[in-house]
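Each remark here refers to the structure printed beneath this line.
Naming follows writing order (A, B and C), and every chain is counted from residue 1.
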């Protein structure tokens, strides 16, 4: 009786099983289920929407770009080559998408209890109409059905964007990007709102590969003299303007730590000169990055871009894999993070500026009650981003609300981000977040900590209104 | 149908919604609901009880002194001036209490999901008989009703103290305080038990504003030569005796970290001389504070005062606000804290002394299972204080019991502290703590980890007996 | 109506009280309840099984060896002498087992809410047929009944081993141990599988008492020249082989931190020479231990022994108690631990070796979502050990699954370890773990995150199959 045909998605999934709570959660969810998706932070490919070409095949759409999936398979001994991940040396990797798909299907049981399982089931069921749990036996049949779909117009990127009810989707680009795809999207008759995000790490982090080259290129793109500190800052401001003209409302910063600095001009010039010369030691590079966060905040005061700080990931922890396959192969590992002293220089300078908005993320849950909720529940400039990356999961989302609400409330949080490269998982991820928030609110109502009319307002805020306000994407005002 | 009239307080609030657990929780709560309130640690104003004058108005009673409330409002962009918080420069602030109250009422939705919401609702409902949820529409009506009450005898401080069922209430004073109010209270015919707590930070922390002046004043008050280390220690001992004579059973220490030291006499004398001369660097100031914790512990062995250590808060994190408004304006932020090495010098010297009692608090929940429960479950001198400050909330209280009970049990914890400046919130805060403890115990009973007759004993211990024992306020012995 | 006779063990204990979840939990538990016990990590005494002599008396069987019990009693002021713990100076301690038992029984209420309570109740009920809650009144009667049992053949070690359904039990020995008991067990006709574990701390940790003597002894035992680095490594490899011949499948490492190192040969030789001469400072000793973890991993690649790393305990925190009673008296306290940088040298060298298997443990729960689940969910060499020591309890086990499953899944975890010196608590501890895992799975099923047929497979994996695979104790393959 294993894996008999039955719906993959139960309508009550992720709600508490206590009947009193479940009933309330259902009512809250029904009221917000159909709200548009606002996706202000992610890593989808702008080419998809500018070109609107059909996706290649099931494996290269669903597995190869998703490091959540292949890191788990790798952890259980499956070489990345078998999953079609490109090697730097051009060495042989599995080229047959069906073979990759079969490997995945055979090992689908590894994802039990993980959010990947929820996302894939949701995608199979709601996007492709497949209602049987994936396994070795139905791998081929499932592959064929997805493949058949992908060849039809209804599964092209723009059609899916519309079907998913996406109101706005942000991608992330380097300041050196031409934003050509974004220009094309805006000039096309297609009404979908796809915007860019200004991610300056390649030209503000001296440890980034190609930093010096990038700084020179920045000069070329803007006509500024990026050999001088002031010209460098002007060049960054110019690119920010360019990004804003193509829809950007936010910047994003993936530094190793949230350290900030507020140095005098002379020190900045000295550090920048050494950075251009490749002569910073590790501590100086960290100080330079910290100074650049403060510079970016200062520019945000001028141009209104919302600032996102995503710290605490040790990138490319697995040396062998980095050498063989490069970045983003599932080997980034979070490390202990501290915000209280780290943010102080920036906050001392700009922490009470009403026009500045900084969204803080974390991979270190121990900071939630200790540092982040107290900071966001005090500083008018600070908002809490949603649970991120490894924490973008039902249990971690519940812990996030339980840890932050009592000190920072709901209005100091920024709604949900899907932060994904996996386009088809966007509805699934938002659905999980909405269900968990409704579940949390239902618990508050069932325990008489909040009344249901209030919970209904909050549910809509968490699903829709807060993210639009936090990312300055709104035209209307919040309902509450 | 928004905000229709209905009771603000459900009799089952904060109990789990599972019917089996809720039924048990109700029975436990009924058995302890009416026990007297023991409040051994707080920051109410002794003048209230010595003078027994009516409270001024709703805003200056309920909002202006409560940094939980105005920090949240400030985080959403409302200037402290609009809330009537005094500026250091005497600059203009809102003087009209009704205007302050309206601002609060208009923004009451910000507190959804926070303990402040529970406390205010409880106060409105049980103290003032107001049963409608506060909002912009009923702000004036609510204000008028509270104001009317405050003008009557039944709402004077001593009458409320009695109505709240407070058995004993501790305030907190500096060693330099004359304790005149406490003397008056004791000499008055009023039988209410209000005691002081010895908080020596101003004269043992070299970084405290006015430390040097304070040490000289300490000499003046005691007739000891506080220019010498031995005279300084004698002066502190003398003030402790004076505090004990006015009811103190405890000391309280709000150092940045729980660091302790156990230096030889020569080093102490050197450090103290440098402290008096204002010549300590940051590391030496920290060492001096650490030595003073050990000195205070040594004195506790002699005089029996219970020692409270409240570490881990970075005070006055917001520089602009500190300059404009001073201390205690909601800008203290917790930081990472470590106890294991920090307490070692003190514990090496006195950790097994049966007469010494130290109550440890934390703002860093990651220390609960890792450090604090193992320490308290071993050292006879150590007891765990209740969840404190940002953690004085339903979710954090539940996490506290789940994190500490399995290693330290119930008997190594110190019952509940309200730690508040907001006198009217005292019954509300104790009620939340009692409900959450009953809820936790009901869960243990429903899951057959404890039997109900035992849970009844524990519930009474947590609500009443343990705090009296921990603070040496009891006349009878514990029931269990 | 206090403590009236009733069954000590409810058949639904530890399952959630929500009826939907409880029903599923029961079905899962019924399916795995009777699976054999695999106990791959513990500290029982091999003499018990080689000699099979009757246990002495209730107190010396159940209380005196169990530091969980006497640390709690000590924390509430009961001197260790009253509990029969031997002093180093031979000073007087309680010798009468009945008196020790009475002290324990009088204070049994201290264990409310702790796992010790669950374990003792389970032992009394299932091993000795005692169904009344222990207290001062029934202390003697209970003592007599246990004592009566212990004098019968059915309660001798081998009989209990069989009655408990133990498939394999590992003890832990120093490389200097003769393993004589293990030889006797293997040569006896008794079919019980008792194996050893290679715990090299005494000869690889320069801070271990007697390290230099131990290294010389290691030379004597193996005929290698342990004055040279290469001879020392050969000697260790030889002892590993000897342990393997007596059934060992694993090594175990209890270093203060998980720090690893990967030094060149010259540096190793220099450090080792200084270690033998007793001339390492604290930092160098730490580096040497770190290098030895990498050496042990390298040897594991050759001989297939699974490596267990148990870091983060500050041993003998209570100086007075260490001087009076020695090690293992309940005064070890966990400290903050970090894995991400610490493991890097070892992982850079061997992290992708398919034949290497390292099981990581922690006492610092803040590392679970931040470091350990991401590491185990990526590196093929890493597996997560179960909640350990202070975390071997219902709440901590639940937190462990909630923290690790979403990122690392189930298959990167290593089943359960009881890690106990208290032989009679083994069935109780496995029962708690099985119940909590079933409860967690039931929650996933009730919330439609997993289907029940999958949960049944996972329940069997967690109770039985994963531990056999992780410790290379299996003959069959996993079902899933």
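Methods note: a contact is a pair of C-beta atoms (placed from the backbone, for glycine too) under 8 Å apart; a residue touches a chain by one contact, two chains touch by 3 or more.
Here the structure is a predicted model, which means the values were calculated and not measured.
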| item | value |
| --- | --- |
| Angle of the C-alpha superposing rotation, chain B to chain C, to the nearest 5 degrees | 120 |
| Interface sides of chain A and chain B: same vs different residues, half threshold | different |
| Chain A and chain B: spacing of chain centres that average the CA atoms, whole Å | 40 |
| Interface hub residues of chain C, defined as touching at least two other chains | 18, 366 |
| Chain A - residues contacting chain B, complex | 18, 20-21, 338, 340-341, 344, 347-348, 351-352, 354, 366, 369-371, 373-380, 382, 402-403, 405-412, 443-444, 446-451, 453-454, 457-458, 480 |
| Residues of chain C defined as touching chain B within the complex | 1-3, 6, 9-10, 12-18, 71-72, 74-77, 109-115, 117-118, 133, 314, 317-321, 330-331, 333-336, 363-366, 390-391, 393-396 |
